[in-house]
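Here it is, the structure, as structure tokens.
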């Protein structure tokens, strides 16, 4: 810490702020789980909620130092975005998805997935899934606005869907789209419920329960609004 | 009461059993709401759960006396069925649907509906809907096994669906079928969630929430397993 | 896009903003389901929650171009309202209901419904139902402040209710009004629970469960606060 | 204990069974809260669920010895009923209500309540309320089958309701009746939700939430199927 | 309306605002249920949530005109308070309870209740109960800070509690206080759960369920934070 | 039908029973979705709950006739098992898993998965997953009794886990095992919550919510006790 | 296995039954986590639900062989009890608590706890806690029938409570007792909600939420009906 | 009060504000439960939510006057912090934990605990636990960032964990960490679920249910985000 102040990397005030802010952190503990990539092929992701900008930057720096890639910051607040961008210029911010990505430069696409979403309101979650998948080196076909109310529009996309190694289906409200898609194609289908809706949607619960109860066995589900998790599941599936 | 014992309609023992069983009933109170038919065009239905066979027969008799038709007994237990059949020979029992019907003899069909169900396990509820609708004088097209996992089978039924004045859609698990159907045809769609499923279906809750959250505005919903209610709604809709 | 910039319809900045905002949209995908009206007699509705003003305007324009009517925008935010009004002058904004309507000019009233609400706090939902019904060409009798605590006021409205082809009943708290109304008249009754209440109302859940559990079979229910859905159901019912 | 065996009150076998069954009970601990009547004017009630017949008889005897009256055993199982009747001949069993009552002989009626129930299936709970109230010396008017679907039947009972010092309203399904009744009369209204219903009734939850959310402030509620509690509340209210 | 503008009671602008705001209100419909006092001895209460200031003032005026007293406005927003105070100078605002009261001048105290609360955070609800009870002419003993964690403080209040005709117990968190109080005294106990707490309190659900499950039969419960309802129940109980 | 009776395939009594039992089935409708295998590579599965033995046999026969393999009957009742075994001798019944399997004879193993379960009580679900996976031609390593309470036993299994193309993790109670496993290996992890537990487990809800909330993004989840779905997901993943 | 058959420990039939029953168990995997005692000072407990008698006996034998003590089998079914008693004569069965215990012979009491229960219906859970604590070598004071409805009876037990190193409080319904007890004494208080109650108790949920929301910080809670867990927590606390 | 104004401790305005704000408080009632420390060894804690700054300061002063230590104010709002600091200079504010502490000067450390947290977002709750424990005189080892996704990091902390007299484990999301920790060490483990997470985490419910359902009997749980309660439980455990 002193060294970084000495070198001008941190001002004394910043250092003081740091010490004030994270009193429970041993200086060594800030090192995130940098070996996770070695074990699982996927690095630790920085989850923005409930972290201070200082904490977010510290974790990102530690991952950078350990040559982990991609570095992902999800559910980033405005202040976190500003802090990361200032400190790490190569960080790219995707506003709709609330996502910051630091990629390696030399990645080869290693597979192809489709990200299907039922309505325009589902786009932030769909984009989180698509961008994370791309950060992990997958090609992504984006298919939007194909809700079950207009079933012919789903059917029109079957050729694209059949080209995918894995399909992520993002839907709110009654969450019916994954069952329809999974009944049409043979590849793995990862369902993502969204919190789009009101009243009996109960913040995505209706879609979540519907997807878990799907009449097509083989559909798998992730948490509400969890585009990140769907993309990382797709990456595990496709890269084999 | 005494008169009925005197005339042999009741044995003294039956009368005693009666008095023992329904101590809180004034003899006049047993008269059900026989004027409901006059007000709403639909008579009071006898709901079997929690009633003794003696109570069920008493209400049925009172409705018979008031010339109400059809008389419907839903969720009938075996004992209730036996008691009603003994006392009222014209009562017809439908086992799969757990329903007893006493119809008028001279009804003219007054409209046409379709009852669509997603899976074989949904048949008891679908049959309740279909039989009640027929008891109210509607023609019924039954369409089975058209779950969203095989969407082409739904599409193949569009001509039949378009012929209907109202469509009842019965589905458990994720309850996605009503949205698909309502996106294909212009007539009213009444959705009936069923308790078919397990785990995250929570006894029909997943299907119920899904139907209430349908992405097709205009779908209306009744209670879980409530084929009766769907049929009576269809009757209100069609007979106008 | 370039053409529209060239023609001055969009400034280059607006075009850039657009591209920045909806990166996942192929330019063709923005076309909404314009054939839904042909299939179901009811066009796609624009649901405001979670959409940017740009997205809302884009969908509205696409529907306009396809000569779809009425065009409805529900749960519109202030920014969406401003954006739509600037771009589409014939759009009419109804503040209490949070609704924007673009109607066709030459519609003939095709039936009559009643919209009944239990309390003044239920008015925004009741108005959404009434305005949407009018946008679809129905005549609407509005009946307010007839909660079950003053049952004589419900009874006083029976003559008006009997004149309707369909009655929409809007109620929060215990949601008892639909059962009372449906016990008095023969036409279809569509129940709309509202989120009015607190504590054990659980944001409309009490009213919703009450309506689904109605002791009058034949009452049908839509989602909490879903005046739109009730009106579209009424339209499907009445226009036959 | 030895004394009771010596005196022939207990056989040695019964004593052994006792010792085997209630190893954790100090012999003194079995004395129930016999002073509760002195403090609250209402003795401890024996709640049958989860108790052995031996335990039930032991508590009843202890209350008898302490001259507490009435002694009430609710939710009695068949075995408990048999055990109590053998040991305590003055115990009266009410089958429909699942209740055993031991009254004092010389009670004067001290007030008048009405117990109103919405449907025949609600009778067991209504009877529990009525019988417990009578055991506490209240006169009870029983009014049955006055659900909100036939609102005129409620209105016809207003004269009887106005005569009461307190009204207990028992209703399942949507639980709307207490609001209607409380809007018609000035006396206290105690609402009892019942578990009658299925699906969205969730074992009485719909009725419970509805009653708690009543649009008539001043309605008070007890637990689902808790006729006992309603009657004891009425007794507290009326005897003042 | 024109008359009121002519007389200067309303400016033309106010009249226009009015017409704009409440288009669905027939001018006659604004009359609230002024006969409720005649039927139940308690006038309609104005519930502030979801109403505009204009609507609130209109209802208050209508009640004033009908000589109804007391007039109560609960859950009043700042804007509603301002609007009512400007228009009706005799209205008294109680900030902690979020309550406006317009009393009659000549009321005689007609009974005595106690309002007991478990913690300082429960005071707004307790005050709502106490002030409403006073508005209905009851004397109120306020007892605060007697949570079950310091049980001797409850016991120290028994003499005051025994003097009451009815006790209102207000408690959040585990909601245990009503059972303790009801086990000590013979008068009616009305339990009010509050939303004080976090996590497993689920906005008052823990306290609500606890009170409904009270081991003392005879405790009655109202909705979460419903001090108003408890006071009106107490008034019904005490005035007999 | 007549032809089959004529040929002796059905006795007249069986035919009559059939007609009595499935009145709503057109004879053609009984054909299940035999093309599903062509579309998705996985045939329709027969879900036993709520079906009569006759219905189950009819569907199995139709699938047999269409040369679909494997044929799976899950959650088979004793009566269904007896009926199927009598009619289709090549059906193999697995009692612990409640599963009937009819396999093709000439399947080549096409990949390898591991099925991990936390406790002995989870074995029925784990076996359903393992047997279904084997029916689809996968090799299965079964790993049992590796709950997180003895974390070293999980670690000891890492070499086996790393050999798998996909890992299914079956766990009840707190459902923590999938997160631990997914943090150790790179392949896809499908989590199956079980209903093992009591109280706060709420029939598997605790495990389900835990798995959906996993701190390892990329874990995917299926319904409670849904070993079948996990296996079919694994098959979709591995066969690519 | 063969060795055990050869030695007569198992008959060939038993061996076959075994192999048939636990096909997924490698013979080595049946070894339970015998090192848990070394790590935590508490051996693995056998949880009966969902296990076959054969599995239960196998685990018990493995623990016996490893000299683990005490061996506990909770929630034992009748068949499991019979099987264990036949095979392991030193096993003691406690019927009320549904518990089997195999203790070491030479244990010294190492501390003292109190187990307090609110009502007679809570005894099975209280006994499970007391017996398990005794199996771990603790002295146990049992205090029964001290519900909050009779608060003086709690106060009378303070001297006994103050003697304890840890108090376990078992209560159903509103679960208020732990807060009262913890407000009176300084030692650790472990709260055990029970499923005693009905309706709004929701199988122990009311008591559970109440205990978690206790107004006395420092109360800790275990799962519903989890007497076992409370005792093992007490053992961890006291033995230090 | 007058004395304090006279002495200048309060300005007349402050006194007026006081009287206005706490009208229901008898001046004596403001005395908090100062004897709680004598009974339980732990003083009453001031819970900030729902209290005005004036109320908070009043309670703190009363505790100061009674020589109670430590004085703790949890969930303090900014205004409360400002008010307390102005009036009581020795109060120390910990921002991350939302906690104010007034300690005695001469406390001796009396034991050692560890506070373990799974992720950086759990730090505010972990800090609340650690700071409260320190205020009660315990030494605290803080261990951070040891989620189950990187299980080796948990294992690396076993030596520190084994040194503790009690371990507090703070975790959100699936809440799996307490089971893992409790399976490794013999001392008491207090689990604290946090509201970190989204969707199926339901504000900490997933973690709470998971901890209550822990497969390691003996884990005890406190309310969501209740670091305070965990620390006070640890103090009760350790100080014996």
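Think of it as A, B, C, D, E, F, G and H in the order they're written, each chain with its own count starting at 1.
As a working rule, a contact is a pair of C-beta atoms (placed from the backbone, for glycine too) under 8 Å apart; a residue touches a chain by one contact, two chains touch by 3 or more.
Predicted, not measured: the structure shown is a model, and the values here were computed from it.
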| item | value |
| --- | --- |
| Intersection of contact partners for subunit B and subunit H | A, F |
| Identity of the chain that, by mean CA position, is farthest from subunit B | H |
| Which listed pair, G-H, A-F or A-C, duplicates the contacts of B-F in over half of its pairs | A-C |
| Rounded Å distance between subunit B and subunit C, as computed from the means of their C-alpha atoms | 30 |
| Subunit D and subunit F, separation of their C-alpha mean positions in angstrom | 48 |
| Inter-centroid spacing, subunit H versus subunit E (mean Cα positions, whole Å) | 34 |
| Shared-contact residues (touching 2 or more other chains) in subunit E | 36, 119, 147, 149-150, 182-184, 199-201, 208, 212-214, 216, 223-224, 226 |
| Which chain pairs touch, all of them | A-B, A-C, A-F, A-H, B-C, B-D, B-F, C-D, C-E, D-E, D-G, E-G, E-H, F-G, F-H, G-H |
| Residue numbers on subunit C that touch subunit D, as the complex places them | 118-119, 147-151, 154-155, 173-176, 179-180, 182-184, 197, 199-202, 205-216 |
| Subunit D - residues contacting subunit B, complex | 96, 119-124, 126-127, 130, 142-145, 147, 149-150, 152-153, 196, 198-201 |
| In the complex with subunit C, residue positions of subunit E that touch it | 21-26, 29-30, 32-33, 35-36, 44, 47, 49-51, 55, 59, 75, 193, 195, 203-204, 208, 223-226 |
| Touching residues on subunit F, where the partner in the complex is subunit A | 36, 39-42, 45, 165, 182-190, 208, 212-214, 216-224, 226, 228-230, 232-233, 235-237, 240 |
